[in-house]
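Note that the chains are named A, B, C and D in the order they appear, and that numbering of residues resets to 1 at the start of each chain.
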């Protein structure tokens, strides 16, 4: 949970001799995709149910929500911050959207506009974490934890004891209707990933988020005011969580306060497994997507090959550690700082 | 770092001094009022209802039922929630019991079986009137305690069996089903599954293809069902869920998979499930009357606290009992759509009218 | 547009307004007067050297010039106009930019992005990057200084010297912000460069003069005189004088800096007895190989200082770290005083009496927020302990003694080491190996990097003293002159191999040229 | 040694060696936050500030204090331990299962076992250079899985209460024994750190691992030790939980993870390592406990309780964080 100072980075290079300047993907980036292919292959051999087309569809559909959450969290991790606010923000936006589209609680029927409001609510809550980070100078670990609690509170307030059920055909359709074999939800997630990747590559926000993770102090020396970008990144992450809340609501057909339970750690796990460093400055959306698929394939595959549900979590944990170890070990140096 | 050293010394000093001077005792300050005294002024009674969270319709309705009862006797209910966190429930209870416990009435939903003993013992020690519902270890006897007035639950084995039978009927007496279990650490989940097993024994042509836990959660049920549907495909004719939330999650999964030929049953009779039964998408559920549960626990405590009912006058069979429940299917669902509490249910001489007999 | 009017060439005024002028600048820090009325004039199209010891106020002055420090008094004039500089951006808008002493590039961005960072201009439209434009902008900057770096290479894959070029290219971006020749400040640009790289840099600096004014800061006085037109000297927060570079010798500058006649030969060449060459060496290295070096043989006698020289990539730093167990080895044997040295880790090396002063003082040499005392006793814990217990009083006595012996200037032994000046920090780091009195082999990796003349001189004196007391020393010097001046013997390394050995006894020193021939 | 060549007058350095009033205030901030919170709760419900109520609160806080204290060591070294809660849950199950065989020795066996498990994580961390976040995240799910399997996913009742009864006693009639144990633990660990080179090593490791290593500090061993103590503390906390709940359960302590980390941060320990202390975590744990149990008890409705919890915890950190010690807030 710390940054590598530029000096460390310098040294790394000096000691590694003189690597050729590179632009593309390095060998260390190839680890997670290889792991994904290997794990997929192993399950495919072990379980005939796993290698069916319908199961592959199922895996992709199941990965949709996590992918959207991970899109958001990747930007935050890239900056070297951390974000635990997904459960709260998703809960709030899930209830909000359920109350805004056609539902059994009130006469609202705002359709897409309601979805937009829920996403905005997520963005606003994300903005709150960002503001607390830059204004109060409280570490993101705490601000996002606090905002998560606030989000759950807001969700509980709106919930008011009666489950809001979605009757809006559009929102329900997202989870049911299919295009090219995948649910609309999954296509929305794919779109999110594309947007995320474009933002990361082509927008100042994305590049600065990356730079903040690399050497925040340098940005200051170059006359870049970092704070607005940090707030913007958290806001964007919040919007992604908001959308994820909407997707969960669409899947469940109802707004649940617990819509986002567990997504914080799963998303971090996915991002890290995909090769994003918690210390920031490395990784990205496409890395994270590989991580999401890895985690989802694991979950699905373990059920398919019939591993006891008790053990599933443990096996997953073990594989995550092993995956990271496999990625880290070849690059191990003496006196390397590991936090 | 100055913070450290001086503090260290001070704290160690004080503790050691305290320890050596006074020795150790078993009692904290206060507490320990005689239990069954039962002479509280009705206005002095504090009513507390505690459930997991308010973000669950059944439990929110429970608290609302408690409010309704409180209003009936001119009091307010303190609503506590612990977010399904056993530790937090214990913490809240012990904090509550550290306050004024003289006329305290608690209607508690323990998070799991194992959470009941410490709550019971805390209440006993502090002399607070306690009614628990749903979860209790089988070997813990209510009659051994004075201030633990009653334990109410539904016969989970019976519920599990009833919906199991209904499911068997719905699939035409033969075919594969999958089961979604609740939180494995709860008596309710275990009993209900035992009921399903009884039902399966009685319907030998119904085959249990798979059982997985979805922790009573709608979202988890959705995921688990999706995976199991892929795994077993068209062999699945029915889904047995240990509560309605999971049944509703399973319904979503079925809808997303484009399957409308699978029967789904659940337990609890939450409003959404009732609607689903009305629509015909769900087959059956068993009623658990949340509002009544929220009121009755407080009512028992209130009656004892105000002296209208003495603990020793409560029959042993009413100290731990099964409440009345109904199998709800499409033909009788209309009767249950809007549960109302009936003030008469909470009258001190009518408290145990819904009893279906002592817990076995 | 007043600026433009004022800088219009006026036939009645013979010389144009100075590019930059500082008038009686004052800056107080709690307890310290960092700037005490500094005056400075930077003419257009000149390279002005700025010299002064650590603590003379150089860095504060430079920071004030780029808006990182708000002065308490005095004025800054840019091309005849009085300005207030509130931030780096402000300074850049006035055409002032600085290459910072510690490289300030974002390692995980491309060179192009670093060059345009903070002033992307047409490279970013509505928050969206236009990579082709960005690349072109960066290429223009790189072309200006004649560098052939790929603008889209990730910065952390570039060599150190290339990164320095990127920094200069980046600083030149400020040209785009103003219509005037910019003022470029180079703060210690050479401190980590090898001689060849320095030469390239100087060529660029001379080119810069064509269209900009340059303020050049370095501790190497010969360099300053080499590249600058004029040198201004600071002492104790005041300007003490200016000399045209052509007329001055390093000794003159040095005299001005310290305010008295200093010895030109600050290397204190081998005053003690010559180590007995015939005796068994204290350190015997045979066939040491690692990732970036092969088959290195090395002998160091007690009381001897052996310098290792070589260009970047020669592997000398890694050999040094390997001897301390901080870099893995694949083959070879190291014997210290007849006993095989365990190279598995730094602990073992410390226990065997090996000491190491890393080049990166701030990140590797010291623990910044910890006190002087704790830093000094970090390694030799036994020196402040009785059995397993720390004895604060024992530590205090010991630390105070060493603070006095090495004349470390610190308000208190409990002061955080990061608030000391570089030279004093380095002395604490050195003292770390001395407090227990059991050090037998000292590995010094650029021990004088970033230190001023006075502090250097003290470090040299200390090294000499340690050698005389029998410590064997391996020195990776900051400059060839330093290596020659300090060492009794010099090993030349090239491409990971120790190629040549040159004796350098007092009175029989080789010339830098001799060594350079061997190095390439 | 001869007089230094330096003739420039030394800057009149009067930077005081002793902390200023402001610095002192920052170091007491956790306590101030605690007092302010207590006062606020008392204003909200005057009945809250009673001896028995405070007694109950500190009794409640004991396991959290112990968990947070252990994890503080790891945080001081610059890492993080996310496995404490899951390990604690696992330990409650172990305790319940072992008690019939081991009797009075169970407590020690548990602490030894969890210490060993902690050490194992530490070894994995330093040997394979896997970030502690990942190692302990993996540990978290593995311990949970083991706990579920060996307990058959259900609570294990503890019938023989003699082994844990001592923890339910009260010292001097008012101070719960569990809290005294927690205090003694914090005091003892702090004292050991202070009196031995350990504190130097831990702080050096946390502030700058590479510098510590190059100074010959036993960085790897210090880290493993920190994880060991953290694990052992999880074991002790488990014993406390069992003494309170009369059972072990595979999920019993799982929800204490975020409160424990919150306690550390609220105490003002820098999550990046180096700066902080166990005493700060003690104060932090009390603040978090007051928030967890105090808010609902004084009658804050559950929805607002969560909002307030979130807001207060951020405010508390804003108050206690010594920003002069942390340059960049991530």
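Here, a contact is a pair of C-beta atoms (placed from the backbone, for glycine too) under 8 Å apart; a residue touches a chain by one contact, two chains touch by 3 or more.
As the structure is a prediction and not an experimental result, all values here were calculated from the model.
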Interface with more contacting C-beta pairs, comparing C-D to A-B: C-D
Chain centre separation in whole Å, for subunit C relative to subunit B (CA means): 70
Between subunit D and subunit C, distance of the C-alpha-averaged centres to the nearest whole Å: 42
Intercentroid distance (Cα basis), subunit B paired with subunit A, Å: 35
Distance from the mean Cα position of subunit C to that of subunit A, given in whole angstrom: 43
Multi-partner residues of subunit C (at least 2 other chains): 326, 346, 363
Touching two or more other chains - residues of subunit D: 153, 194, 210, 213-214, 302-303
Residues within subunit A bordering two or more other chains: 8, 156, 217, 335
All touching chain pairs, where touch follows the definition stated at the start: A-B, A-C, A-D, B-D, C-D
Complex contacts: residues of subunit C adjacent to subunit D: 30-34, 53, 55-56, 235-236, 258-260, 262-263, 266, 324, 326, 346-347, 349-351, 356, 358, 363-370, 374-375, 377-379, 381, 384-385, 388-390, 405-407, 409-415, 419, 432, 454-455, 457-458, 461, 465
Subunit A-facing residues of subunit D, complex: 78-80, 124-126, 128-135, 137-142, 144-146, 148-149, 153, 209-210, 213-214, 258, 261-262, 265-266, 271-273, 302-311, 313-315, 317-318, 321, 323, 327-330
Subunit A contact footprint on subunit C (complex, rising order): 68, 87-89, 92, 100, 102-110, 113, 117-120, 124, 127-129, 131, 149-150, 152-154, 156-160, 163, 170, 291-292, 312-313, 317-318, 325-328, 345-346, 360, 362-363
Parts of subunit B lying in touch with subunit A, wherever the complex brings them together: 53-55, 57, 60-61, 63-64, 212-213, 217-219, 222-224, 226-228, 230-231, 248-249, 251-252, 255-256, 258, 270-272, 275
Subunit D partner contacts - residues on subunit B that touch it in the complex: 1-5, 7-8, 11-12, 15, 18-19, 21-31, 53-54, 78-81, 83, 85-88, 90-92, 94-100, 112-115, 117-118, 121, 137, 184-185, 190, 213
